[in-house]
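What follows is subunit A paired twice: with subunit B in the first complex and subunit C in the second.
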Partner chain A sequence: MFKLFKEIGKTGDATIGYPFQPLEMPDGFRGKPEHNEKLCIACAACAIACPANAITMELDAEQNYLTWDISYGRCIFCGRCQEVCPLFAITLTKDFELAVLNKDDLRESCSYEVAHCARCGKPYAVAKEVDYARRVLSKAGGPAAADIDKIDLCLDCRRFDDAEAFQKQARTRGEA
Partner chain B sequence: MLEHDFPPQLQWQPDPIVLDAKVAEAKKKLLESIKRSVYVYRVDCGGCNGCEIEIFATITAVFDAERFGIKVVPSPRHADMLIYTGAMTRSMREPAIRAYHAAPDPRIVMSYGACGCTGGIFHDNYCVWGGTDPILPVDVYVPGCPPSPAATIYGFATALGILDQKLHASHHVAPANEQAFIAFPSIPYKVRTAFEREARRMSGYYYGKQIVDEFMLAISKDKSDVFGAVDALIANESDTRKKAVFMDLKSLLMSKVVDE
Partner chain C sequence: MSTKKQTTLRVGETHVQAVRDTFPGVVLDATWQAEDQVTITIPVDMLPDVVEFLYYGRGGWLPNMVANDERPLRGCYVLYYLLSMEESDPGFVVVRAEVDPNTMEYPSVTPRVPACVWSEREAFDMFGLRAVGLPDERRLVLPDDWLEDLYPLRKDSMDYRRRPAPVTDVEDYTFLYEGNAEETTQVPMGPLHITSDEPGHFRLFVEGEDIIDADYRLFYVHRGMEKVAESRLSYDAVTFLADRICGICGNAHSVAYAEAVENAQGIEVPLRGQYIRSILLEVERLHSHLLNLGLVCHYCGFDTGFQHFFRVREKTMDLAVLLTGARKTYGLNLIGGVRRDILDEQKLATIKYVRELRNEVEALVDMLVSTANFESRTAGIGRLDPAVARDYSPVGPAVRGSGIARDVRFDHPFDGYKFLVGMSARSHDGCDVQSRTLVRVEEFMDSLDMIEQLLDGAPEGPIQTENWQYTPHKYALGYTEAPRGEDMHWAMVGDNQKCYRWRAKAATYSNWPILRYMLRGNTVADAAIIVGSMDPCYSCTDRVTVVDVNKKSSTVLTKDQLEGYCRRRTHSPLAGKGW
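== the complex of A and B ==
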């Protein structure tokens, strides 16, 4: 009998004291994705990568703001958003205490101002992202930065420009 | 998604069970001063069984939910709390409602896991109604895929009003003319891309990114002696697999060096 108690004392307590004591999760634990809106350029890489569509990007009705939105209720904590983010704006933390009583509390969102095309006025990207792209391209230099002045145009306008240039080029070739 | 493109009057929508005012009051009273054990019945509405495994991990000796009187019972007639796991599939809707009506009032309903909360990764599947809430009045949502046993215990505590919830809905508007910083400005963009591709080729997504970030941080920190910094990084690494990736990245770095 005494031996049994000694054995029990030696083994100790296997149960964790979680709700009464804080629980430290191990390294590599994939918990709540934390969005840093200051680092984020709203490039929507995470929204495209998210397999469960927990992260979505939506343009508002007035076309002035693009809203980044995450639903923790839909998130499957795969970490693909962290993987594709070029600027460390989203990282998975060790926070696991996500239970809520109201479903709306599972959503988090952040709006970013949209840049409008200099020619046609259509919204085409977030202003912060355009600014970021301009700085990266000017730093990279070379052929990548060749049409840096066209960064204020939307994709359609740039395609139109490209087509026009190609047509002009084709005509000169034909004449020669 | 098809649901958004299709006119809603042409789609049959399940009518959710609305909580009776009297029952809601009784439930509120119960949650305010609960002084007894809570028996739990688990309804799998079409999940992958990951959530079930975590629920059973919660009642093992390590997490031991039974020390709080939380016990998993085999019949909804014994249950105070119903846990709905998995996305609500069309064929499991009827059994889910039957289990709900079989439990005595006031019953607590918990949506468990990403699929239970919103439908999760199956939210736009043809045979899925979404989470539990289009069908039943839900009291607590426990997200996670699956929720870890500790998160489950936290969910129970939130449901019973012992712990307060930490998440709250938030909406921010980013200030105008804010400048984003450029990650690793000292490394040329194309070289950075080459590093990232190589690291992902070597050790896959998620870990590849972590390893390449560590590598590039070491390079950009010590601008005077880049190879010295890389060698120190390799020498200090105890994990041989990670070391191999670092050495591979080093040889890539060597190939990028141009003699002047």
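== the complex of A and C ==
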């Protein structure tokens, strides 16, 4: 009994001020993911990596906009999205106060204009991503940028072109 | 080729040879999945003989049995009886047998080795595989209102999103009574249970205040994770799902799953990654054991102690935040290693936490054991007979409190545990709640030492590897010692970057079958502390219904009433109600 009272005396006040005082989290805390829609090119790397399917991407009915969407209700705060993002457009913050009164408030989304294939008109990537690829390629220059115009074509049309070029090449070789 | 005979035997080779010698011609095939894991294929009718021989004859323990629908691969169902060999030649021997999909039957091993009982019941629920001779053929995992002929884990049975409508409105589960006394009263506890706020339906068969026998119905919160993993997730995302198996020891599951795949695919985790995995597993043990010690105080009616253990436990949670970025040690494993390194300043801060925890917990434990109530409420209560333990293969502090020092960290050292010096598995032989509690106290102190040793010993270097060849349909075991005992995962990846079959066995799965033996001979007032001493990994009751079958009357006790009775042990809530 004496030990108990001694322990109680030694402990003093164990209560902390939160929620009436802010609660500081250490560096590296994995809280609410913050999406920077300006940096984001909607490449969908995060949507593929997200184990909980909290991040999803959906094309609208008219096929003009691709919507990036996160549900904090599904998020497990693993930070895989941050790890895989090529442009550091998503980072986990120290914010852990996510309670909302309305479930819809747990969602955040952002729409991106979709680029359509210059030949067949099919939507194939987000315009920002295409621009990004164009800038990277032209900066790299050299053989990497040789086919830079093809960036306006969808994957199917590019495959078709490649096949055609290959066929032509095979034919000329055969003739020679 | 050199003709020189290989002198060193592979792990498990002596066991395979012993089976060959005892049952000539039975071993059709023996293959090694990993250094310490061998799978032998035998004809299905030899299962009881071979498993019994390995279990009792060669010092084997049985974590569980895995059933698998391999009809798309080889046209049959396959059973894998996992055996952990813990006497000579320690390692894992898996007994594999193919079951004909036309008969769907195999001879039950349970009459020979009782530890198989839950696995064989589950194999029927999930696959419709019938164990002939199984003494207990009730449903285990599926609810009472599930369709008669829908077996969820068969590859051709159902989409993982399907929720079949209930076929009945009645819960018609029969509780089995194995006692001798004729006039007993049934005390149902649940469907939510009293100790940990999670669902489980207990039926106590009592005579007056004495428990004669007990039976229980669990799996009210079965989430179908194995099906989700097979259907929706890619195999490398399952570590994050495995975390969510448990709210306390999730990291242990995640590591076990990752190592199952790593063992199967031959992926070598860098040394530093292995050390970090062990450190995080021990951090998890710290907060889990403090939780249980707090609960023991609570059930002894010593709530001041409970508050103090939980106050100190907060430090272990802070330690987890520091090392992983979350209060739970979630989300740090990937196939191939860990995702976050321990930096120098974190190492120093961890050592500081460890020192503080050691001093504070020593003082608290001193306080707990010198409390008069502790001794009187725990000594001799909830006896687990070592002979029963041998039959059912329980794990963790539950079995170590009965003088059997089984601990995966020392029986089959993995990760950083391979490099520990001067440590061994803890055990006490009182077989009661007190022994189990003391085991936890000692393990807590050991964990602190381990964290210090591992932090000092961790070599510099990478923490994960990314270079490996993915080979479909290879399988292996992964195992960890969670705070409650061994977690055993068996995983086979498919040809589509998904798990073909993932079987996660949590520690408590091995411990539930022995609970009825621990409850026998005790009083109703001790039921909560006995269940609590097993530290079950599921949650608890908000009310208890007491039924007198003779008078067809029922009384509903609230959680507070039953818990209060557990603490006071006077003023029985049943008094004046005809008992």
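Everything below uses one rule, namely that the second predicted complex is superposed on the first by the 164 of 176 C-alpha atoms of A that agree within 3 Å, B and C clash if a C-alpha of one lies under 4 Å from a C-alpha of the other, contacts with A are read in each partner's own complex, and residues count from 1 in each chain.
The rule is short, and it goes like this: a contact is a pair of C-beta atoms (placed from the backbone, for glycine too) under 8 Å apart; a residue touches a chain by one contact, two chains touch by 3 or more.
Since the structure is predicted, the reported quantities are computational estimates derived from the model, not experimental observations.
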item	value
Which superposed partner A:38 touches (first subunit B, second subunit C, both, neither)	first
More subunit A residues in contact [subunit B versus subunit C]	B
Which of subunit B and subunit C A:127 touches, first, second, both or neither	first
Contacts of A:101 with subunit B and subunit C, given as first, second, both or neither	first
Partner chain in contact with A:83 - subunit B first, subunit C second, else both or neither	both
Partner chain in contact with A:136 - subunit B first, subunit C second, else both or neither	first
Which of subunit B and subunit C A:111 touches, first, second, both or neither	first
Touching partner for A:51 - first (subunit B), second (subunit C), both, neither	both
Partner chain in contact with A:72 - subunit B first, subunit C second, else both or neither	first
First (subunit B), second (subunit C), both or neither touched by A:8	second
Subunit C-contacting residues of subunit A that also contact subunit B	14, 25, 29, 51-53, 76-80, 83
Subunit A-touching residues of subunit C, taken from the complex the two chains share	232-233, 237, 240-241, 243-244, 304-305, 308, 311, 321-322, 324-326, 330-331, 339-340, 363-364, 366-367, 370-371
Touch list for subunit A against partner subunit C, complex	3-4, 7-8, 11, 14, 25-26, 28-30, 51-53, 76-80, 83, 92
Residue numbers on subunit B that touch subunit A, as the complex places them	61-64, 67-68, 114, 117-121, 123-124, 131, 133, 138-145, 147-148, 150-151, 153-155, 157-159, 162-163, 165-174, 176-183, 185, 188-190, 205-206, 209, 213
Subunit B-facing residues of subunit A, complex	14-16, 18-19, 23, 25, 29, 32, 37-42, 51-53, 65, 71-80, 82-83, 86-88, 95-113, 127-129, 131-132, 135-136, 139-140, 144
